[in-house]
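Chain IDs A, B and C follow the sequence of writing; residue 1 opens each chain.
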Amino acid sequence: MAIVTLLTDSGESDHYVAAIKAKILGINPGIRVEDISHKIKPSDIAHAAFVLKAVFRDFPKGTVHLVGVDSTGNRGDSYIAIQLEDHFFVGCDNGLFGLISDKTHQQLAELNTINSIVTTFPERDIFAPAAVKLASGVSITSLGKPMPSFKKMTDRQVKATKKQITGTVIRVDGMGNLITNIPKAAFDTLSQGKVFTVQFGGEKFRKIHTTYHQAEQGECFIVFNSLALLEIGINRGNAAELLGLGYDSVVNIIFEE
Amino acid sequence: MAIVTLLTDSGESDHYVAAIKAKILGINPGIRVEDISHKIKPSDIAHAAFVLKAVFRDFPKGTVHLVGVDSTGNRGDSYIAIQLEDHFFVGCDNGLFGLISDKTHQQLAELNTINSIVTTFPERDIFAPAAVKLASGVSITSLGKPMPSFKKMTDRQVKATKKQITGTVIRVDGMGNLITNIPKAAFDTLSQGKVFTVQFGGEKFRKIHTTYHQAEQGECFIVFNSLALLEIGINRGNAAELLGLGYDSVVNIIFEE
Amino acid sequence: MAIVTLLTDSGESDHYVAAIKAKILGINPGIRVEDISHKIKPSDIAHAAFVLKAVFRDFPKGTVHLVGVDSTGNRGDSYIAIQLEDHFFVGCDNGLFGLISDKTHQQLAELNTINSIVTTFPERDIFAPAAVKLASGVSITSLGKPMPSFKKMTDRQVKATKKQITGTVIRVDGMGNLITNIPKAAFDTLSQGKVFTVQFGGEKFRKIHTTYHQAEQGECFIVFNSLALLEIGINRGNAAELLGLGYDSVVNIIFEE
């Protein structure tokens, strides 16, 4: 049975999420609707992209991901359907989808071009019917006008040299842990057994742990997390608050010669 | 596979919602349980009715909607099952169901009359088993004693004349948008190309937009929304807070001769 | 179709819950994933155990319950799979599972012993694959090394004599109701029609209600709730705040001779 996931910034006290779900099931009650999250910070594309990137590949190939974050088309953005890494995505061409993968897309179409609909609720009126079609095996190209490319935003890039890796915090999670964009692969390539210092805020550490609980309660842990990204936290504490760091804060790893 | 939706004011940190779900699946694991919302303001019948009315028709016909909002039977209210517009509803006869449709009900029964149960948790002990039966094709009349009618509350009514439409805010959504009870149909009938003014708080506007993004960031938009109701918001702002309006605030549309 | 439930303290604004769900569906898209709650207070084993104990038996026998609360293995706790009362549980051996049942377990194994995995996210990397296997009918013993027993914590015990029952509040629910560990069965055995006083804080009551609405609005109700436990609340009020009581507060029932 085909799966459609939902990722929105709509919260859960309104009718919006249930309206999308109802629309999908009303068209095809055989589809399985699975929530990714509805607690994305309103219109926060970076937050939504982080969550989607972290999970989409683990769903079965062919899963359709309906994304309703910053979808009002404020900047005249198109509504699109994309096939990317054997997954389908339906949403607004606001730059979000450019942040979740470096791979070239397989198929791409601009929705709402065959039977144009004016709506204040594209998630229900445009994305849901398109998601059902994709989940039912309809090809992207029959959903709308082909497009050559979709919007890419420039993500914060990690700077890596033999002497230093400089990254930034890309997500503060609900427990206050600071997830950076520094990949384990870059560290592994450059460290090569060298002595190193991890610097952030006024703090300096000379060790990266393998699990959270290697730090004592109240102490800082630094790990490569389950996304293979450098993460800084405080065991049973809120690192963002206690260290005064947040989204976009700089984290350095400095290698000694 | 039959669908049972859940709409409660129980929140998500307690066992209540999972207990209802478990009860349903324990009786019939083949049923699909879909959440509408569990973040209804405690005992807020208007909030629950707004959300349910906004979404129920989009679910497949025959869907069973279990409603656990203000269900303790404070005023001696009965527990009921209703068939209405080809959907089934199970809940407390507290006036909520009278707010979701103007249509005449198809079937109606008072639950808890065949094998009476005393319980502090009717959602699990009375509504869930009844919902499973309805979802399995059992008729309403075999669930309890037939009733002639269920409770209707008087909803705020829109007043419409050739000169003016007067409505009220019936829902402030999670983003602070003000949704009124003024239907597009009434406006379309009365406006007929006339010059008009929309008034609320100290504000006056002479235009209704078709999409949110026709207003600049920080500016007011006025649209007929996806429920075909007049909605007032501020692009990327919280209209309720910034305009000082809320539930029950008056909104007028005045037509010039 | 097999059911896997999820109970975590991860909240809903991060990728964690969806990552567990995606992993399960990615391995076997036929499994039904049902949320119990993701709003457990971080690392609060008592909260998680209360919710799980309150609902697990109502799910169909054979359901797999994946529990991700305090799972980082802070104290060197093992990851385990248990069969208990014909249900399966996968999680961390942190004492939680000892709180949900007094029955002897049917099967028990230490996970992560066949192909050891170092991970900061055991819910996704260890629990999810194990849950899928259990849901697919794989025996617990083939998932890891058999263990003789799992960790039991001593729960607050009720003290009951002919003269008095002394219990404590074991959960303050989202509405502020105080749920105690005093079972209806103990009261029924000891009361035998005697006059009694229920004491908590500075309050004394001589009556136990059968439903919430037997108390007037703003008044205290005392009931044996749907878990057959003594519960104290205030009709349309927050008892915890208004009575100044909370988790672990003492409640006495004193019988007169």
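Going forward, contacts are C-beta pairs under 8 Å (C-beta built on N, C-alpha and C of every residue); 3 or more make two chains touch, one makes a residue touch a chain.
Predicted, not measured: the structure shown is a model, and the values here were computed from it.
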>> Tell me the rotation angle, 0 to 180 degrees, that brings the C-alpha atoms of chain A onto chain C, to the nearest 5.
In response: 120
>> Can you check whether chain B and chain C touch via the same residue numbers (shared by over half) or via different ones?
In response: different
> chain B to chain C: how many Å between their CA centres?
Replying inline: 32
> Residues of chain A that touch two or more other chains: which are they?
Replying inline: none
>> Considering only the defined contacts, which chain B positions touch chain C in the complex?
In response: 10-19, 21-23, 25-26, 29-30, 33, 42-43, 72-76, 118-121, 124-125
> Which part of chain A faces chain C closely enough to touch in the complex?
Replying inline: 1, 3, 5, 34-41, 47, 50-51, 54-60, 63, 173-175, 210-213, 217, 223, 225-226, 231, 235-236
